[in-house]
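Look for chain A in each of the two complexes below; its partner is chain B in the first and chain C in the second.
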Partner chain A sequence: MTIYSFWIFDRHCNCIYDREWTLLANPKSGTTNSKQNDDVSKLLYGIIFSLRSVTGKLSTDDTGRTNEISSISTGKFRIHTYCTATGLWFVLLTDFKPFNYNKVLQHIYSDIFVKYITNNYLSPYDFSENENEKRGQGTRKITNRHFMNNLESFLEPMISS
Partner chain B sequence: MAIESILIINKSGGLIYQRNFSESFASKLNSNDFLIIASTIHSVFAITSQITPKALQITQNNVDYVIPYIPMVGMENSNPQQNRNSNVPVKLGSYKGPDFFKEPFISWNKSGLRQLSTDQFTMYIYQTMTGLKFVALSSNVLSNNAGTTMTGSIDRTKAVNIASQVADNFLRKIYCLYGDYVMKDPFYSMEMPIKSELFDKAVKRMVNNLL
Partner chain C sequence: MNGYTVGENGTNSGMTEQHQFQLFEESLRKVNKLVFQMLINEIIPLSMSVERKLEKSNDEEVSSNMSKLDVNEDSNTTNLLKDIVPSNQLIHDLLDTKDEDKYNKVIDRVRNIGFQVGNKLSELLIFTNNPNLQFKDMDILLIMKFVCRDVWKQLYGKQIDNLKTNHRGTFYLFDYDYPPIREFCIEENALKKELKLVEPFLEFPVGIIKGVLASLGYPPEQVICLATFVDRPNNDIPDTSFAKGISFHIQITTQNNQ
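Then we have the complex of A and B:
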């Protein structure tokens, strides 16, 4: 299994965290919260948003349970998503080898994001502070040191193994 | 793998053929909804090729695009219980032999959307060289969530890959039918909705064979 990049989107359609590994042999390589990835993050958001609306329409279950996307495969890579009820999307780009990435994303949410961002008075709980940042225009990112260090050390064994 | 629905999308993103093979979508969605779904798939397909990760751009990726031939997917003789009149050779339009093709083939869809797995269904997309897209909605739910044990994950690797290979084989056969019954129809105008009874029947028979 190999992971290429990891993204978090908030409910205001903003990318609040991105991490891309460029050299898979070196887990320290790559970019974090890079301005260059802005366009990619918008395209990625658009793909998931469009496909979520398609799967929502094609839902065959009448019990009202939403039909969540578990993975999207393209010719070159696979996208795994984990969406929370509060509108946060955790997105992981990986290769084709199957592994329980949903559990990985769930762990990132419940044991890393909740622990170091939500339960942190000094970290904003909503990354859009004024109205004109709430329509996908925001540029604020997660810069919390503990969050970033813990995420790195958790994902490191998966980057190229 | 039970096919719920088949869509064909032309190269400009318009829906030219859509059939449901079970009642699950028929009651909820009208033809307009399917038109919207088809054009959404078409646009997402175009975007996915734009976001290739940098690590893949740097190293030459060694993704295998050769789809192995899986024998008799969706053919009459594939199911031994249904093999009532095995002495009568099945006619495959202008194709000879018991199956449309017998060799592995190369997927033309190298960077676009190929598979969408959700909690309730799996969608497979096959793209031809001319830009036509064949979409199959299968009610099978693939869990690529393999167990953490190494042996379990190897088995699931095969299961996930085989499902998408079967789908590619099946959709290529639908493409063969399209070549036979739609392209050879003098009353069909290109890029317009397909209204061919022979094509309809052939597709329906193939989907029923797959059950």
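Then we have the complex of A and C:
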């Protein structure tokens, strides 16, 4: 399994964290919160948003639970998503090797995001500060040291193994 | 409540007491640790928010006194929503405030809340009949040990890491991993600002210590308590935890004559 990049979107349609690995041999390589990835992040958001609404409509389950997508496969890579009730999307781009990344994304949410962002009183919990940023125009990112270090060390073994 | 009958009392009364205390502790209602910790942390933004509101209402009173109240009555809910500032914003505002008087007022408020909690906490902890507690000769060292062991354990789930004293009324309490601030962190290369931001969070335990001491016969005017950052021993700075430990410096100025 190999992972190519990792993204977090918030409920205001903003990308609040992105991490892309370029050299698979070197886990330190690549970009973090890069401006160049803005357009890619919007496209990625669009794909997931559209497919989510499609799957929501196709759902025949009338228990009231929505039909969530867990992964999307294209010809080149596979997108794994984990959506929380608070509107956060955790997105992981990987290769085709069969592996369930749901647990991985869940761990990132519950043991890294909640711990170092939600539980951290010095960091904002909502990354849009005014009305203008609440419609997908925000550029604020997670810059938290602990969060980044923890995420790196957690994902490092999966980058090329 | 715990099904303990008198007939079961064994010969070893110490063991029985210990057992009884354990049963008592288990029968207590539990709260979520995280929620409790967040509640403690929320005290600082709360104090800041109260101070802001007071300042604002003072200003408004000068400009227009009674008519304002009627207006507020109508648009109460919208006004409330408008005035809400996120906690992290409040903490940053507190650091940026130029008004020293205001800063001190906020700190005093935090300390007072801590004082009240500590004052009552000692009452509750002594009431529990913990067999490990002894206050026979009201020794200050014993009281300090009580703070380190029982008070800290009740509030933060751990004991203080180190206690130092010169046996003349000066105590140093070291907590190298103070739980409420464990996850606090801002962006890279801003350690100085980070420490400044965290400073108000140390005033709550200061208040706790003063409160506990006050309830056990050391009034607040006789006690000086200061909290400062210290390096961890053997300098291991993990990436995942707050970079500094905390040292509480406690000084009892006059001897307590009973």
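In this text, the second predicted complex is superposed on the first by the 161 of 161 C-alpha atoms of A that agree within 3 Å, B and C clash if a C-alpha of one lies under 4 Å from a C-alpha of the other, contacts with A are read in each partner's own complex, and residues count from 1 in each chain.
Everything below uses one rule, namely that contacts are C-beta pairs under 8 Å (C-beta built on N, C-alpha and C of every residue); 3 or more make two chains touch, one makes a residue touch a chain.
This structure is a prediction, so every number in the text was calculated from the model and none was measured.
Visitor: Is A:V54 touching the first partner chain B, the second partner chain C, both, or neither of them?
Guide: A:V54: touches chain B, not chain C.
Visitor: One more residue to check, A:S34. First (chain B), second (chain C), both or neither?
Guide: In the superposition, A:S34 contacts neither chain B nor chain C.
Visitor: Using the touch definition from the top, say if A:Q106 reaches chain B (first), chain C (second), both or neither.
Guide: Neither chain B nor chain C is touched by A:Q106.
Visitor: Is A:K76 touching anything from chain B or chain C once the two structures are fitted on A? First, second, both or neither.
Guide: In the superposed model, A:K76 contacts chain B only, not chain C.
Visitor: Just to be sure I read the superposition right, which of the two partners does A:L43 touch: chain B = first, chain C = second, or both, or neither?
Guide: first
Visitor: On the superposed three-chain arrangement, identify whether chain B or chain C touches more chain A residues.
Guide: Larger number of chain A residues touched: B.
Visitor: Touching chain A in the complex: which residues of chain B?
Guide: Touching chain A: residues 4, 24-25, 29, 33, 36-37, 40-41, 43-44, 47-56, 58-59, 61, 63, 65, 107, 109-121, 137, 139, 143-148, 153, 156-157, 160-161, 164 of chain B.
Visitor: Please name which positions on chain A make contact with chain C in the complex.
Guide: Its residues touching chain C are 115-116, 119-126, 143-147, 149-150, 153.
Visitor: In the complex, go through chain C and note every residue touching chain A.
Guide: 34, 38, 41, 44-45, 86-89, 91-92, 183-188, 194, 197-198, 201, 239-241
Visitor: Would you mind writing out the residues of chain A in touch with chain B in their complex?
Guide: These residues of chain A touch chain B: 2, 4-5, 20-24, 30, 40, 43-44, 46-47, 50-51, 53-55, 57-61, 65, 67-77, 93, 96-103.
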